[in-house]
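Next, two complexes with chain A in common: one pairs it with chain B, the other with chain C.
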Partner chain A sequence: MSASITTERRVALSRRRAPSAQSWLRSDRRVGIALLLPAFAAFAVFVFYPLGKVFWLSTQGTDIFGQAAGFVGAKNYITIFTDPQFIATMLRTGAFCLAVVAGRIVLGLFITIPLTTKLRGVPVFRALLTSPMVVSVSAASVAFAAMLAQGNGLVNSVITRFGGSAIPFFTSTQWAFGSVIVVTVWGSIGFTVLLMLGAFGAIDNDVIEAAHLDGAGPLRTLWSISLPLVTPTLFFIVVTGAVEALTTFGQIQILTGGGPANSTTTLVYNIYQSAFGAGSANFGLAAALGVVLFVLVLALSLVQFGVLEKRVNY
Partner chain B sequence: MRSALLYVWLVAAVIVVCFPLYYIFEGALTPTAWLDQGLEGLVPIHLTLDNVIRATQVIPLGKQFGNSVVVTVCQTLLQVTIGIAAAYALVFCRLRGTRALFLVLLSSMMIPAETTLIANYLTISSWHLIDTVTAVFLPFVASALSIFLFRQAFLSFPGELRDAALLDGAGHFRFIRSMLLPVVRPTLISVTLVSATAAWNGFFWPLLVTNSPDNRTVQVGIAQLSSSEATDVGVVLAGAAIVTLPVLIVVLLAQRFLAGGIIAGALK
Partner chain C sequence: MSFRHRTLVAATAAGTALLFALSGCAAAGSDADSATASGPVTLTFWHAMTGPAATELDTLVSKFNAQEAGKITVDASFQGAYADLQTKYTAAVQSGSTPDVLMMNDIATGFMVDSKKTTPLSTFTDKDSSFDADSFPPVVSSYYAAASGGLAAMPFSVSQPVLYLNRSLVTQAGLNPDTPPTTVAEVADWAEKIHAASGAYGMTMNMSDSWMLEEMSASGGENFCTPENGRGSDKVTGLDLTSPTQVAFMSTLQKLFSDGTALNPGTDNSAMVSAFASDKVGMMMTSSGAYTTADPNKTASTVAAFPKTSESKDAGVVIGGNALWISGDGHSEAQQKAAYEFLTYLHSADVQAEWASATGYLASNTAAGDTTVGKQSLADPNVASMAGQLANTPASQAAAGCRTGAFPTVRATVIGAFNQIVEGADVTSTMKDAESKAADQIAAYNTAAG
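Right, the complex of A and B next:
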């Protein structure tokens, strides 16, 4: 009874209130456009316009105040691509990305695989081993700077106590690059393990059991079944890890300032130095470097979209 | 036997992976003189808040912490609100060219912030916002990732149900608040957490657009603490502990949502 009354009322109401379908659609669209506006306005002002502006700036000379000072064509690009220092920076950036990505994948797998077994206490280990996730780049760098300092650092005090000589982790060209890589890998290991746990966890248990029934040992199962099934995630970590490593800034700024003797200067740090470094303020050059970074990130993203569409497995 | 080996390996991994985290918190609460002893300094037997107090005397850590809270709250609220609005429009409002708009959105994710930051710096500077807290979050009020994640969640909501609610006289806002959001609550929570963590942890941009100690965020503050007080390990680690603690608490309280959000973002 009451139900039918409500239905009647509803029909009456909708007849009274609802305008024609077409005008309703129109108002829906108006609302939709209004709701999209803030997001697209923000992207226009802070993503697309600046991208265009960086392209434009990269063709401009720079006056002493860092302001654009006239069209110079490809001069900034010629400057950077003929500068042996820039070539060295690009090679260093490539080596940095490779090392960080390889470190994440190898360490990540070595940590994650034991966590996928049915050992007791695995949840506790999982929580502990993903915990570096909570530490920001800044806090991680600051902590490692304290731990590895040459004078009063913990690690060097242990080394010297046992008769070794202190290692200049961040102040020698021999060690600084490797030290920054270690800090970067440590900072991303929690997230890496978390992603890998998600991928391994999504493997259908029946597949693993079928392999066992067919007589495959745990290593064989891992190699021939589990690893191929998690390749899309590994691939995702490789590509996003490469982009992340490519855009590394905080660790370098805090730990080494790009030194000693430029031995830890990567592409993004070079952008910072060109635009905001002491006595530099060359926005034209920095913009050209920014365009190089954009092209690299774009290429990596396109590879990711292209390959992930096809799913890398089997 | 095999499980014994695995345990040894896992324990070794925990020691290596968790040690810096332990050192941050133990060191924050241990006098520098004791930390300087080396190995002995790792035994937490002289606990004190002295380092934290001294850290707040060297830099305006309280003020900077407050700045970071303001930045995090504003950036997260705006990213979530603008994200919900945009995703709602893309999914339900039958706009023409939704696909093109969506591609624009995806393409914006391929533009690294480190490329656009030179131009954004000039924009912020021409608006006279350098050295303000507003400058720190303004360029990040909209996030393509959060729009993307909300869109994925909204797609599972039946469109007819939404049309029925609106024909029944519910406004867009009321529909979103009392029907749509309760259904996508896990997404809402994880997007909020992922946005908030990213906002809290920001370093490069805040370093560029702030100058005076009182307007710095706490992440930039502790980096400066580390270079100016390098010999005072306890104070440096107190700084690191102060910025890490809020994230640690949030993660402990909401681990499953954070993990869910990160993985959802990853498998996009």
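Right, the complex of A and C next:
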């Protein structure tokens, strides 16, 4: 794959080396620009303008209707960074992100690897194990809330039937965070497995056979041949999974409402609470938090591409 | 463009798209009809009712429209739960398209008063000689009192917290459900006996926000907010959470939750009610409005008065529910008058009796009990018990409850602190921290309100 990139670059460079004063007027360029305009207009209206507005709003005070009420400079940012809760929220968001991504990769591999074998009934399991993908986050959360409820939930009924004491899955600070992580991983595991199945399926069988002929056992083949060959997909899952985890909202809203005692409040949930939570309408503060999130997602993506991508085999 | 660059752009775009989602809260449009003084008036009415309450409200609106045919037409529309309704209302204020009549929940009263976008109900009742200001239970009038005297809004749906007893679990513990506990200390005692006798949870209560703690403060005659629960001439600037009465009942609850006697339902109030209905919990402190789901056959439970936390003569419980507001700014006099007509119709004894019977709310018109429908409802001793509690609640400052536009925000702070307490944190110091955080939040709100 790296060969094709260099070819692409070489072509791009050669084009740059042959500039023409009127080149932008050439008819194919004009057609190109015309074709790009609709997409660009949509981006301008739905992305660039709101983005600019968020930056602007983050420097504004807000009245009780959420209307901008004058320039306040960095006040919203100062409020954020001097709030002791904010550091805790950031650390929690980071931990949540790590746990969800790690959970998806590890559990995903554990599920996918057996599914790549040619045993009887594997297609059925493939279908079953990728099925969480079609369940919406809200529906899944409501179902989990009902199953794991302390008073009347199925899981706790079973636990107490066998003499255990009921577990406060969503109502204790020790359990709630982990419970939300489990629900999140469950919700995304279907898609993860689907991606991994595609990646493992695309491995050239000759390579595997060659490894076998050289005397590599199944574990050795997996570790030294299969896993390195699926790293582009794993990398894709890490990048998109991290961004997805950072922006998790539905599960938290339905399962815990950010509680108990803020133990499941992540950055995005904090933004929602500031802007819309119980009619607080503090859009200035929410916008400032949004900018923090934007910078964070951007930084995370850059770091992932700078560091992680070096370990990816294309 | 290489894969790397493309993905980088995609990641950036994902970030920007997210920001867009957070900022792109467009104003919800509503066509505020500009009726002429001569022609028929159409009123837009936003509400937050669902299920049987929504069906009943639509019936009432149709009846009113038929009664006022050719003069007034009310166009009622559901706008989502209270929080969504408030978000849409703030958007409507920004775009100048507020509804003629707005339903708003109890704790949004401070926000509605601060918004200054509505005309106080007293403006109309002052000119209406047929209006009976004494037709409300005293605690209802005090809750919605306007600073200028009279009412700020028309109380419509009224509820109060009560104590539900599961008769079979209570009896199983050797207790008599017909002489229910009257104080929180007694409730705790009963809860432990029920838990010991049956293994079921002894008690439960709403934990999704600080509502129960507000009620227990009021039922001890204690103000929740300072100064004067916001009922005096000054705005609320802080919370009072650490009086001896409050520390005492919080310590009692702390013990019940931490030793597993009490069920903590977290944010899931419906799971709490269903746990009670399926004999998993002996006692439940929650809204009178939960009666029909907590005890569908109306025989398995006893509904008792909300327990007291002190013997203070000011002790009483704060009402909940919703009220109806008439928009001022940008709404013609004819529209406002028509809106007032609609509100007096909804307050009439017959309509209130019907509304209470269909929804489980308590009638906000004291004469509702004398109507045919009202008498039928009151034949159920549990309903009579709830109505009795409402009628007997004193119009004290404590029972009027706190009024601040920052209420929704500080509720989250207080329940956060209480969740730490039920896991063993020190009551006084944890609540002191909550007081200081809430004071900051209230100060921020007061600045925003101007």
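To be clear about the criterion, the second predicted complex is superposed on the first by the 260 of 314 C-alpha atoms of A that agree within 3 Å, B and C clash if a C-alpha of one lies under 4 Å from a C-alpha of the other, contacts with A are read in each partner's own complex, and residues count from 1 in each chain.
Keep in mind that, in the parts below, a contact is a pair of C-beta atoms (placed from the backbone, for glycine too) under 8 Å apart; a residue touches a chain by one contact, two chains touch by 3 or more.
A quick note: this is a predicted structure, and the numbers were derived from the prediction, not measured.
Asker: Touch check for A:A127: first (chain B), second (chain C), both, or neither?
Answerer: A:A127: touches chain B, not chain C.
Asker: With both complexes superposed on chain A, which partner does A:N152 reach: first (chain B), second (chain C), both or neither?
Answerer: Touch status of A:N152: both partners.
Asker: Give one of first, second, both or neither to describe whether A:S172 is in contact with chain B, with chain C, with both, or with none.
Answerer: second
Asker: Tell me which of chain B and chain C touches more residues of chain A.
Answerer: Result: the larger residue contact count on chain A belongs to B.
Asker: In the overlaid three-chain picture, which partner chain does A:L293 touch, first (chain B) or second (chain C), both, or neither?
Answerer: A:L293 contacts both chain B and chain C.
Asker: One more residue to check, A:F276. First (chain B), second (chain C), both or neither?
Answerer: both
Asker: Using the touch definition from the top, say if A:S301 reaches chain B (first), chain C (second), both or neither.
Answerer: Once the two structures are laid over each other on A, A:S301 reaches both partners.
Asker: By the touch definition at the top of the document, which applies to A:G94: first (chain B), second (chain C), both, or neither?
Answerer: Touch partners of A:G94: none, neither chain B nor chain C.
Asker: Per the definitions at the top, what is the overlap between the chain A residues touching chain B and those touching chain C?
Answerer: 46-48, 50-51, 53-54, 57, 145-146, 149, 151-153, 243, 247, 271, 275-276, 283, 286-287, 290-291, 293-294, 297-298, 301-302
Asker: For chain A, which residues are in contact with chain B within the complex?
Answerer: Those in contact with chain B are residues 10, 13-14, 17-18, 24-25, 28-29, 31-33, 35-36, 38-40, 42-43, 45-51, 53-54, 57, 110-111, 114-115, 117, 119, 125, 127-129, 131-147, 149, 151-154, 157-158, 161, 186, 189-191, 194-195, 198, 233, 236, 240, 243, 246-247, 249-250, 253-254, 268, 271-272, 275-276, 283, 286-287, 290-291, 293-294, 297-298, 301-302.
Asker: With touch defined as at the start, can you tell me which chain A residues reach chain C in the complex?
Answerer: Those in contact with chain C are residues 1, 5, 8-9, 46-48, 50-51, 53-54, 57, 61-67, 69, 145-146, 149-153, 165-166, 168, 170-173, 239, 243, 247, 255-262, 271, 273, 275-283, 286-287, 290-291, 293-294, 297-298, 301-302, 305, 309, 314.
Asker: For the complex, give me every residue of chain C touching chain A.
Answerer: Per the stated touch rule, the residues are 2-4, 7-8, 11-20, 22-25, 83, 86-87, 90-91, 93-94, 108, 111, 114-115, 201, 204, 207-208, 260, 263-268, 271-272, 274-275, 278, 280-281, 405, 408-409, 411-412, 415-417, 419-420, 423, 444-445, 447-450.
Asker: So in the complex, which bits of chain B are touching chain A?
Answerer: 3, 6-7, 9-10, 13-14, 17-18, 20-21, 23-24, 27, 35-39, 41-42, 82-83, 85-86, 88-90, 92-96, 101, 104-105, 108-123, 138-142, 144, 147, 166-169, 172, 200-201, 203-204, 207-208, 219-220, 222-223, 225-227, 230-231, 233, 236-237, 239-240, 243-244, 247-248, 251, 255, 259, 262-263, 266-267
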